[in-house]
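You will see chain A twice below: alongside chain B first, and alongside chain C after that.
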Partner chain A sequence: MEVLLYSLRKLLAGIPLVLGVTLISFLLIVYFGPDKTYELVGKNPTAEQIAEVRSQLGYDRPFVTRYMEYLREIVTLDFGSSESTDEKVSSILARTIPVSLLLALPGFILGNALGVLLALVAAYFRGGLVDKLIMGSAAVGMSVSYLIAIIGFQILLSSADGLDLFPVRGWDTSTPLAYIQHVTVPTLATVFVALGYNTRFYRAVIVEEMTRDHVRTARAFGIPPAKIFYRNILKNSMVPIVTRVVFSIPLIVISGSLLLESYFGIPGIGKVSYDAIITGDQPVLKAVVALTAILFVVAQLLTDICYRLVDPRVSLGASTR
Partner chain B sequence: MNAAAEAMQRRHGDSLWNKAWRKFRHDRVGVVALLVVCAYAIVALGVVLGWWATGWADISGPKWAPLSSEHWLGTNIIGQDIFSRAVYSTRTAFEVGLIVALGATFIGAVLGAIAGFFSATWIDEAVIWLMGVLDSVPFILLVAAIAYSLQDSPWAMHIAMIATFWIGTARLVRGEVIKLKGQEFVESAHAIGLGRMTIIFRHILPNTFHVLLVQATLSFVAAIKSEVILSFLGLGVKDGMSWGLMISESTFEVLAGYFNNFIAASVLMFGLVMAFNMFSDALQDALDPRTVK
Partner chain C sequence: MPAPLLEVNNLVVEFSTDAGVVRAVDDVSFSVAAGETVGLVGESGCGKTVTGLALLGLVPTPPGRLASGSIRLDGQELAGLDDSSWRSVRGRKVAMIFQEPMTALNPVFRIGNQMIDVLRQHQRITRRQARAAAIEMLAKVGIPAPDKRIQEYPHQLSGGMRQRVMIAMALSCSPRLLVADEPTTALDVTTQAQVLEQMVRLQQEFGMSMILITHDMGVVAQSCSKAMVMYSGRVVEQAPVTELFARPRHPYTGGLLASIPRIREQRIPELPVIEGTVPDPLNLPEGCRFADRCNKVRDYCRLAQPELKPIGRADSKVACYVPD
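== the complex of A and B ==
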């Protein structure tokens, strides 16, 4: 019951954020967006024709009305049709989001799993040669641009000058083998770029937990190191680790995929957003911006609520105040 | 910093900055990194003053010429000299990095300090709300949306980066200011009747300068890295030359087996980003009172 109330309060607290992100996307894309009147009126329009088109586009209505209209579009998921392909935006989303997930998931999972693993090893040998080696490589990996990593792996693995093992670009999920062939190079690039940041972050978290008093006490009691490592260190490190993972989910779906998909020509949501950006396709653009931002807010709220479920130390607000 | 605190520190002979400088000097990696950054800065300055790389846009050789004494790194697909283009791009990188780092740090400092000083009031809530909102819009889409509404202005990239990067700085500054505002020197400032804005900007904010310095270096690196990706996507540098544009040019060349453009831009960019990252790390260590030399 308490948890339910807490969740409800959190959801209420999310409303200003959702209003904020929708307001920003409305302002940038719809309100201050390009004026479409003269694309539609044709040659030598009369003043009446211009006024008519403007009222069709809704330009003559007050700000609040237009914003409400936009909110209604978001709630009903009815953004109209793409200006370039005439396909309904909702069906574009349904078609492309699964592709993006299939593309992004392997790299996301590997990048985080390997990051935690390397961070554990580095933290375990803190100050030693292994630690320095891992953290040095992480610093190098962090300095390589995503784009450079993508092109580098492409040259090494897909071009005639390299090993020529995988297709240069494109997407095919008809068979598991085809899927693996097409997903490998993008995944490697993603993991390569994410690994440095992840390892560094996770190592800092684990080292922080290692230097806490209860760990020292446990050590003084003679509890075996492996047990301390698992019970006192790893378990406590999970909270910040899980936060980072959850928070990056909405980002990998859009931002991460935008570059990958437009580079490899993969028909996911990132490619669609990229095309919409380039051609100025307003319905697609406003759908993508609003929905990802809302997704992000929701992910934040869910993390908060999950904390409440797993971590009794997190205060309930009302009951303590 | 106000005079009293300064005098006190002089008596102890050990200000944060003295200590930091001593620690930094002994950090060999950090010093080397700083020297590398300075070298890049000189290259960039030379471009601004017109000492070198003036012919970056001229078509001065055949298509895809190999390395030679005339074209140190060969030429690109239309016969422009890759070396001068890569050198010229150093200037662009510094331009983007400096504008974004200064802008983001300034806004972050001002809003963070105000939010921290008025913590737990509606002003603080409003700043926190703004940070949450801007944080929730994915970066590339924010750039795209800003570029879209500014009708492809060349400043869309800078504005979008500043609009995103100030948030991290503001969060940290807010935390610092909340810690500082209960201290005695702030109480004394209140007691002698100074205005609130004077207290925030003359007395509290200068004490967060170490946070601002580190954050500025982080924004600088982030800006250079983002520029490459945004320029490749067609949302970045509009006129002039940059490493991002060079790499995006090279995507057609590498599959035909010509790597000069790609390697020149990647290596130069990697060097600067790596040096800046290490400098930033060393700076953080040096300014962290918890680490002992």
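== the complex of A and C ==
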């Protein structure tokens, strides 16, 4: 009940945020953004022809009218049809978001889980050889560009010069085996790049928790290290860890990984957004922008609820001023 | 005379820093008899907390290390124990209470769970028995409605209550020795007196020995039988409390006592202070470390360090060439 009331209040408080974000992004990428007029008018158009096309596309209507229309679309979640393919925007999203999720999730989960694990090991041996080795590798991972990592893994695993185990590009989720074959190389590249950042971040969090007074207290009472690690250190590190994890979710849901999707020719949401920007496909753009804003509000709500689960000091009651 | 409970001999604790090795505790020896309360006094950075931590093997290593010396507790040598042996000493034979009750407890677990953890770590009892024991201990340290309080998280308790919880936790396994590091410094004045009184009462009830680390001479006068004054990592004076207050032998002790405000005595225009600062631990003088601040300094004071030597009839020792 407490959680439900809190969620409602938080969602209501999120409305101004969504309005603000949509207003700015509407202004920048819709109102002043890419425009399909010149693509449609043909060669050597007259001023009348241009005006006609603009009015067909609705570009000539006043700003307020267009923004209000956008808000109506957000509320009804009906963004019309793509101007490039005539496919319903809702069906485009329904088709591409699952693809992006399937593509990004394994790398996201592995990258964070391994990051926490390596960070724990590095923090435990901090200052020692193991720590230096892990942190050194993290720095290497961070310094290698995503594209280089992708190409590297492709050459190693997908080419005739390497092991030739996986398809070079494309996407197929018809069978679990096909899915694993297609997702492995992108996942490896993602983990390779994300792991360095994650490990560094989590190590800093964990080391800070290790120096807390209550850790010393537990040691002074003879509590064994494994228990201290779990109950005093890991449990208290959960707030920053949860924040980082939950706040990455909107990004993988809605923006996908443009680089992965375009490089491997995977029909995900990242590719669709990119194409919409390039061609000025405004219905799709508007949908992507609105969904991103809404997902961030939801993610914020989710983190707050998770805080309540991991930290008894956080209260969701009415006293949150 | 029976063998003392705790005997510390020539304890040296060193810390490696980027600028060189710092001796935080330099050749400290003392003993604590069973049931006795010893005050360890000195200003910030004099090595009193590190001495306390060394008694539980809690000197952060690295950068610190117990360089030499022996710590004998109840016949057992503690210096050089491995980690798992230390764990059976900590909490069961020696317990420690820290200065900051606000941060010394784990914020994400109920105080009951934390107490039960400690109890079950050292005794073969069920959760239910441990819980009953924890409630009993909380009642002993003067926490009202302990069966409800045990359900609470540390942030729901006041500073004084948290320190009482720490005391309850420390006493729960009936340790032989309690090291209390500035246990009342972070509390407000009225609570300080209550908590201190409670500690002394419980210490007598449990027949424990206690080392009370403090910079407050008033606390020493109120609760200790013997006191040690530390300065720059060394013990400069050691005496029964009555003797120490009646006749401080070391000029530093004299200075400390003179700088305590007194209410009933005649008005003085200004509280006396000890001029100067503690020497840089990386750059210690050859001779007496207090020489630069001492009003009785002689030329020979600067040549070599004075040893801690017996003085007078009582069981007193002082490290000074020109004691009072």
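We take it that the second predicted complex is superposed on the first by the 268 of 321 C-alpha atoms of A that agree within 3 Å, B and C clash if a C-alpha of one lies under 4 Å from a C-alpha of the other, contacts with A are read in each partner's own complex, and residues count from 1 in each chain.
Everything that follows uses one rule, which is that a residue touches a chain if its C-beta (ideal position, glycine included) is under 8 Å from a C-beta of that chain, and two chains touch if they have at least 3 such contacts.
Computed from a predicted model, the values in this text were never measured in an experiment.
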Quick one: on chain A, after the overlay, do chain B and chain C clash, or do they fit? Just give me the call.
-> fit
Would you check which partner chain A:S237 touches, where first means chain B only, second means chain C only, and both and neither mean what they say?
-> neither
Touch check for A:D213: first (chain B), second (chain C), both, or neither?
-> second
Between chain B (first) and chain C (second), which, if any, makes contact with A:G127: first, second, both or neither?
-> second
Mind working out whether A:G222 is in touch with chain B, chain C, both or neither, as first, second, both or neither?
-> second
Touched partner set for A:V168, first chain B, second chain C, both or neither | first
Touching A:V21, do we find chain B (first), chain C (second), both, or neither?
-> first
Could you let me know whether more residues of chain A are touched by chain B or by chain C?
-> B
Look at A:V144 in the shared chain and tell me whether it touches chain B only, chain C only, both, or neither; answer first, second, both or neither.
-> first
Note down the smallest distance between any C-alpha of chain B and any C-alpha of chain C in the overlay, whole angstrom.
-> 5
Where on chain B is chain A touching in the complex?
-> 129-130, 132-142, 144-149, 151, 225, 228-229, 232-235, 244, 247-248, 250-251, 254-255, 257, 259, 262, 266, 269-270, 273-274, 277-278, 281
Of all residues in chain C, which touch chain A in the complex?
-> 56, 58, 62, 83, 86-92, 95-96, 98, 100, 103-109, 117-118, 121-122, 153, 155, 166, 169-170
In their shared complex, chain C is touched by residues of chain A numbered 127, 212-214, 216-225, 227, 231-232, 235-236, 310-313
Inside the complex, what are the residues of chain A that reach chain B?
-> 16-17, 20-21, 23-25, 27-29, 32-34, 139-140, 142-148, 151-152, 154-155, 159-161, 168, 250-251, 254-255, 258-259, 262-263, 273-274, 277-278, 280, 285, 288-289, 292-294, 296-297, 300
